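Each structure below is given as structure tokens.
Note that subunit A is present in both complexes that follow, paired respectively with subunit B and with subunit C.
So, the complex of A and B:
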């Protein structure tokens, strides 16, 4: 590192300009969530004003704000969102870890085809398959249920989880299992007790990504969850009621929604950077 | 399914003492495969089937009539459909190029160690964590031509207010700015991971040899991180091509239908007009494009791997 002696000026300028672009709208999101009707539409737009919490009250359904027709009253949707995205994340990470390990260690026929097939979970535009999910779900009795949405959320993340986890397993030397096998341990033992602890960071990073996409999933949920299983993003989009768009409420909901994800990301930040190499760099270096 | 073979064969080879690798492989692959087959293979086959029918899900009693490739020819002969592809192409190109130039530059700048870097980096990641629908409404609010903050900044700079979302050309750029705002962090994250994966001694060796920073960036850093950048590019390309949430929230496809992306139009055919057969054909066309693009990238990627 001592060799890096170029001025820090250019990187500082690049980061500075980018942070203005990134943070400006974030600041505006927080400010708008605290504005009352008059402040929301004032010209020039105000930076300093008396904060008004009615946006948040509407989101959580507290006080008289909850009586408004377009108030979200998020309680049910909040429970749905937590249950669906947590279960979906756990399942996607678990299945992705297993498949990633198999793809990293066993050269079975059709492995590359499978990896491509897995990536297709990100290729399919939701609107393209929604009709068939709708039909399939009503046949299986999964329409408008949490179980159905958990399945969807697991599916949309499965490909990414498999790819990221394969990358992490590729980074673990195969000798570890070989030594364990020679010493009379089973592969399952080696997988569970030796390899898995080594990719803990990868699991955390994968979970982080899966959680973002699960927590924010909108395209599938808006069609498949009509009443009972409505999640937060679906509820928010319905806040554009007859009285116009409730800007403060939408912004407040955005702030509330991003907090759990941001905390999670802060906790796993160390692993995120290690992990996102999909194994392609590891392979070329070993 | 070729992939399923190990699972079925493995049972015959099972050793009583320890489970064989084949069984483990099969067991480990089974859940992922099952979900993929249920959620991808089944709808995909249905898509192909329904794309040849004149059928509406609203009116199943009317039944369906086999019309061969008529759904495809009807779609592809319509100029308004081609216009959607051109518009989507413009959007994808603009947003992915912006995200990559900005994302790679910022990631390179973040290679420097300075106090508070982790905190800044996490803040820089925040836009990606927001709900897309909220992002759409937030930017629609900010881009409002009368009281939006963007136009306030525009007037501060001495220009007249711009009708951002009411004019198709402007709306395209407005959504590009919003989409790039949301997804540049993803490029930064992957590029940073790629840059950190490059052994430091290579860069130091180049520096001792007197290579300029620019030379090191273009000749060492970029080529060595190319595989991950390609994956990031592919993922962004696919997502941009599928983008409809932002358009839904920001422009609603308007004015008229000038800012409808392909995915947006598909949604309209499927869930406003309920032309299920035609929508299926449209979806197949989209999937063929996406899968074709992906195949090219995967090919590039494996070629890169071989060169190393």
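So, the complex of A and C:
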């Protein structure tokens, strides 16, 4: 009994410390979002108090709290974020799936170079290309538009989506299509009806990653979305107004920002590891 | 059923020629086995016939029709693959119906054909099961049924038996052979197992490095190999080979120069070649205990005798190499001191491995 217990103790302590380190800020964020000014700055921070929802009211512009000068009114930004992230994710996953399939199945000239290029798009620090984007977008009339940011988000995710999806397609034996092909079906039929259902998990994982990157995207949005198309992270970062910092409001906005990511992670938790390993785990090629 | 002709077929991947300018025709109803070591181009050739691979150059004909660049779905071929042959999410009967549905055949017609296949392949017990729950042998049987049900012009088999365990494989071979004859299907079967090739084929096509080494009946390949590779690849236990010096009255084997006297017509052939050295080969079954005063015999050193079933073999050392011969089943425990080479069965090769004809 004790023999069995002992080795677990040290990992438990290590994990416990890590959990406090990882979850502490999150807990602080949630609690603070529900506190009023007084409560917020009391030390030590109180765990039990009467919740005050004025932070959330200000965030969503509900009731009298919205009338105050410092109220952010994040509803627009939230809609922008949702539209941009979801559209960008759908596009990146759709194109990434097609590109990943092509790279997995066809040995076209320059395939390896293409794959490296696709990956390299993720290695570029956004700052390096920001100016170029700024100029290009203003010429094309894409500055400060959702369309423009959807394109950016699609671009930054496409390479990753291609790589992850290629990994998943590699895990599907080629015979799956070959059987259909020699039995009188088209490749499109085989791809759509046989191969795609087999990589559903991969698509979920890819979509999860793409959505999270899109949702958290900050650098491009700050520069390219100045007013109309402002996304949630950009809006929150600009919450330090002239009349001081509305901490409760910022914390409430932070919670709003975290929730979709948390939900998404929870939904795709099964596929996360597969996605991180480019589909290598869980399936082996026969 | 069609006659299949390959005309100067080549497939190149980059600079590598997987299939290198091969021309051969498979007659209607013939059971062809493409045999060779891995990477010899046999599977690529098969995939070309199926349409899963595009030839770099050359043509493929089914009867009069050129199909070289047609997509697989219009070629009316059927193929059985090595590992994944059935769709795991479909029951056996739906797997069999799969190619029929592609052609939009009616329900009654499909039912009739499934019943026909069930009878031929004895699938009654497994028709409603999913492939995952079946042993590999039953799976390949169902895969074969799916291939045959569409009455293809050519049946293509890509090592369909290699994933099946030894015992059941022999039964499957027998069954495959019967079916093929019964239905008169032009069949192209790929394998690296020479025993499988010998037991199935009307004609074996031995390949190496993208080229056809030799095509012929199993008997021809065994008795009359065109070169050292063919001699070595076919036959088990495999052929005994050794370097030899061609002398006035015979050959001297190995570094030890063990002399063998040869009949005059062999000597003439060797003289005609103008070679001083080469290699000789002899199959174990043509290497038997020598009688007194035999001049076509080699000494037996460090012998080990053993039986495989009713066959008795004798392994011994000859000039640093292990040679294998056979012993009569009724021989006593005393081992022969010399083994006799049947001169009519000796293969002569140039140092490059090309067979020297002895007419």
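FYI, the second predicted complex is superposed on the first by the 262 of 286 C-alpha atoms of A that agree within 3 Å, B and C clash if a C-alpha of one lies under 4 Å from a C-alpha of the other, contacts with A are read in each partner's own complex, and residues count from 1 in each chain.
Operating definition for what follows: contacts are C-beta pairs under 8 Å (C-beta built on N, C-alpha and C of every residue); 3 or more make two chains touch, one makes a residue touch a chain.
These numbers come from a predicted model, not from an experiment.
Participant: Overlaying the two complexes on subunit A, which is it for subunit B and subunit C: clash or fit?
Facilitator: Subunit B/subunit C on subunit A - fit side by side.
Participant: I'd like to know which partner A:175 touches here: subunit B for first, subunit C for second, both or neither.
Facilitator: A:175: touches subunit C, not subunit B.
Participant: Under the stated touch criterion, which partner chain does A:194 make contact with: subunit B (first), subunit C (second), both, or neither?
Facilitator: After superposing on A, A:194 lies in contact with subunit C but is clear of subunit B.
Participant: For A:186, select first, second, both or neither according to whether it touches subunit B, subunit C, the two together, or no partner.
Facilitator: A:186 contacts both subunit B and subunit C.
Participant: Pick one for A:251: touches subunit B only (first), subunit C only (second), both, or neither.
Facilitator: First partner only.
Participant: With subunit A at the apex, figure out the C-alpha centre angle toward subunit B and subunit C and round it to a multiple of 10 degrees.
Facilitator: Spelled out: centre of subunit A as vertex, angle of 80 degrees.
Participant: State whether subunit B or subunit C is in contact with more residues of subunit A in the superposed arrangement.
Facilitator: In the superposed model, B touches more residues of subunit A.
Participant: With both complexes overlaid on chain A, what's the closest CA-to-CA approach of subunit B to subunit C, in Å?
Facilitator: The answer is 6 Å, the least C-alpha separation in the overlay.
Participant: Same subunit A residues contacting subunit B and subunit C, which ones?
Facilitator: Residues 186, which sit in both footprints.
Participant: Along subunit C, where are the residues that touch subunit A in the complex?
Facilitator: Interface residues on the subunit C side: 13, 50-52, 71-75, 77-79, 81, 83-85, 87, 98-99, 102-103, 146, 150, 156.
Participant: Which of the residues in subunit A end up touching subunit B in this complex?
Facilitator: Listed in rising order, the residues are 1, 3-4, 6, 8, 10-12, 14-15, 18-19, 21-23, 25-26, 28-29, 32, 41-45, 94-96, 98-99, 101-102, 105-106, 108-111, 113-114, 116-136, 151-152, 154-155, 158, 162, 186-188, 191, 212, 215-216, 218-219, 223, 232-233, 236-237, 240, 245, 247, 250-251, 253-254, 257-258, 261-262, 265-266, 269, 272-278, 280-285.
Participant: Please name which positions on subunit A make contact with subunit C in the complex.
Facilitator: Its residues touching subunit C are 107, 173, 175-176, 178-186, 194, 286.
Participant: What residues of subunit B sit close enough to touch subunit A in their complex?
Facilitator: These residues of subunit B touch subunit A: 2-3, 5-6, 18-19, 21-22, 24-25, 27-29, 31-33, 35-36, 39-40, 42-44, 46-47, 50, 57, 102, 105-106, 108-114, 118, 120-135, 137-139, 141-142, 146-149, 152, 181, 184-185, 189-190, 192-194, 196-200, 204, 207-208, 213, 224-225, 227-228, 231, 235, 238-239, 241-242, 244-245, 249, 263, 266-267, 270-271, 276, 279-280, 283, 286-287, 290-291, 294-295, 298, 301, 304-305, 308.
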